[in-house]
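Letters A, B, C and D mark the chains in the order given here, with residues in each chain numbered from 1 onward.
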């Protein structure tokens, strides 16, 4: 599928590492041995409950096999046993770093199924919440990258900012993580009166120390650069073939963004740039995330400025019972394209719900890209994908 | 960019895709709804249709594969994106309790895990798949496919581990 | 690498600045932050207002509410009305989705600001509100049926269940 | 009376016992203080308070930790080489404690004024690699083995720049005794060797961080990829001993660095001389160097193995050799200037 040439390049062994190790004759003749290392599921630096069976030749990875399912709750089966509105709290548990996007995707799918009209204010609030959520997801993901590279401090700065965003979420939705805020046909309640001002204040303060804590502290650091530059490099063709979306795809230079290319909700009313980079390595993914945080701040400000008035809940029947058919929803979650496919049989429980989670799809990348890298390079490469356990395990 | 994505306006592109599909394959049903091209095809020509989509029409991205257990038959939906606003949904129905369909991994390498997931959850066998193992469930000692409608789960209260 | 070391020194300057900044930690058990108005804590029920319509019990996705309902002449009008004899909220299952709060027609079930729910025993987390304890381990209603007609709605049936003797948690 | 006691004290068994007790006391307390200060510094850098629950203001946290660690079970993995496994922490701790023998704390306050003290320091620090290999080999775990191999490679590679960086001092002071080195730097902070030997000091500092296995050179531990490296299987007191030895070694590196480059107990200006209380100056300087260790630890990410080797062999070794020649040439041309 992918060019095998690149896969077997190995700096340590002068290339052809995999050839030497997989050829049984060579293997026996020279007594080469590999060791298997179980990285995870309980590993201090692994994102959630991922288990990677890594075959090592010295420090060079020759094979990597991700094993999933340690957090599998079969969300799709759960959804088939619940009424439509009761699925929303469960979607919060999918990608627990981007709960708003998960709710939004599911609600878009059900609304598509029912043909509902959403009031513009509800749409604007959804966009506002999703962009705040993107901020709250990208900053820890940069922090995790640094944590795995060994610098412990940025993660706490990231979580400090995330806490402040969560405080806003708590005032708006009532919960800090499992919001259950975006509902079929709108949002649960209008923003509290003082919240737009608070969000504005928060965004201003974030802009003030964002450069210092996330760019100056990390980007210029020579050790960070040597660790991430050229690591996990993919070309655009490979990236698209592997189905990457989100920052891992955009860091190669493909400017695909669901918000722009498949516009939904209130996004056509705001202007922002799709951040791309040319390198396609871990550092480029980091730069894309930094750029996206700045764009999200821009979007939040625009939404606050242009917030329309009106109701926040559309004309939704009390008992949601969509007609027979199929609905699709697609949002740009911080990790890529999150798509929901809902099939209805006319009753008030979904017949089938399918989630396309970006973490799950993007993780195929690991299998392809890891052979030939050193074991410590696993960490920046995980940082490119930034998978979330609840996402890939559904 | 060294990858050719469709350029220009959305206007007329779905119709062009539809024409491209219709001129090459016998489709059971085909229509354009807004920016969505909906095709219903026979299961055996799915790889051919997807090859056309990728090679001839330049639709680069396979978004997901959904399987729906319709109790007696399986509906499959392949959602393809051209990354510039047009969605192509290829639908097919496999009859029977033990569904088999040709893999599309050679056309869209990203289908690898989607097909593994479909196999894990529904037991849909993808012929020619390079690595058809379970994704989520146990590799052995587990013969069920949880998302089949015949796999009943208990929603009753349990207090296991209650002291 | 002409400027080698600059980035490292810059980063170290930033961390040095943080060393003297105001700390953001709040010492939790001593300091409790004021919760916003909408925060969703533990559920509680105002039993005086409850009309035993059983809607919360039916809507709860986690089956954490059980109500034992009887017809009783409460207002002395001679006409028996539904009355919630037993009402239990099992916090070990509740996921604070607030669907029950939204569905309640008389606003008798609501979230408090209490959020510290912990116990050594799962049964201790089942909080009883009615005059008679209800066994939270028994399923209050059957699971959602596979064959559900699109229009017909099952009439709310009276829940007649023996009260478990062993349940003494209140 | 006191004279008699001092006379007894100078007799061999008493002297040995006192020195032994003093070293143990110093190394263990230093480890305790360093764990505490590390957590405090980390907390303050990250906008937290660090440990502050154990009275007073969290200062007794190390004592609480010791109590906790004593009550923990000492696990050893099945199939481990038990003697090697249990011997490793001791093999790591003893070198870290022994070198304190030759460090002068104040005028006249040195346990053993060896005339080959620098050689002693070099040879004893090399033993540390042995402990790492023992720990990794004895644990019978893939993670430990990887960590141990990394540790061995790193420690042995960084011995070279560490040794080379000390040679300039030896040339300048004309002695290998640390007491002589300190005496040679008397008379104000402009006489300290750090100014002329700045490249050597940088090399010593970097190699010192690598020797004590701290970020950015903590590859043998590398908790994000190989979990805890060579000490992944240790628990309870054996783990505490490894930690204590690492912290003691860190304090030791700072102390030796101060002695060699910052004039040891010499006050920065002549009139600040405190006589026997000059150990205060020594302590202050050592604490400052140790703080930079902590500060770096909580700012920088970690290097990769090949980059680490590049830094050691391609940057530090040429740098130190070059500066060795410069030093030797200067001393040769202006012999009178450096006395």
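Just so we're on the same page, a residue touches a chain if its C-beta (ideal position, glycine included) is under 8 Å from a C-beta of that chain, and two chains touch if they have at least 3 such contacts.
All figures in this text were calculated on a predicted structure; none of them were measured in a lab.
**Student:** Looking at C-alpha means, what's the farthest chain from chain C?
**Tutor:** Farthest by centroid: D.
**Student:** Is the C-beta contact count larger for A-B or for C-D?
**Tutor:** Comparing A-B with C-D, the pair joined by more C-beta contacts is A-B.
**Student:** I'd like the Å distance between the centres of chain B and chain D, where a centre is the mean of that chain's Cα atoms.
**Tutor:** That pair's centroid distance is 61 Å.
**Student:** Roughly how far is chain A from chain B, going centre to centre by Cα mean, in whole Å?
**Tutor:** Centres of chain A and chain B (C-alpha means) sit 22 Å apart.
**Student:** Let me have the rounded angstrom distance from the C-alpha centre of chain C over to the C-alpha centre of chain D, please.
**Tutor:** 56
**Student:** Distance from the CA centroid of chain B to that of chain C, rounded to the nearest Å?
**Tutor:** Whole-Å distance between the two chain centres: 39.
**Student:** If a residue has to touch 2 or more other chains to count, which residues of chain B qualify?
**Tutor:** As it turns out, chain B has residues touching two or more other chains at 155.
**Student:** At which residue positions does chain A touch at least two other chains?
**Tutor:** Counting only residues that touch two or more other chains, chain A contributes 81, 153, 157, 160, 217, 221, 223-224.
**Student:** Give me the residue numbers in chain C that touch at least two other chains, ranges are fine.
**Tutor:** Touching at least two other chains: 8, 11, 14-15, 18, 24, 143-144.
**Student:** Okay, in this complex, where on chain A does chain B touch?
**Tutor:** Contacts found on chain A: 1-2, 68-69, 72, 74, 76-77, 80-81, 235-237, 240-243, 245, 253-256, 261-262, 326, 328, 330, 337, 339, 341, 343, 351-352, 354, 356, 360-361, 363-364, 393-394.
**Student:** In the complex of these two chains, what residues of chain C are touching chain A?
**Tutor:** These residues of chain C touch chain A: 1, 4-8, 10-11, 14-15, 18, 24, 35-40, 59, 61, 95-99, 102, 111, 143-144, 148-150.
**Student:** Of all residues in chain D, which touch chain A in the complex?
**Tutor:** Those in contact with chain A are residues 42, 45-48, 142-143, 145-146, 150, 215-216, 218-219, 222-227, 298-307.
**Student:** Contact residues on chain A for chain C in the complex?
**Tutor:** 81-83, 85-86, 88-90, 153, 157, 160, 170-175, 178, 180, 188-189, 192, 212-213, 216-225, 321, 346-349
**Student:** Show me the residue ranges of chain C that touch chain D in the complex, using the header's touch definition.
**Tutor:** 8, 11-12, 14-16, 18-19, 21, 23-25
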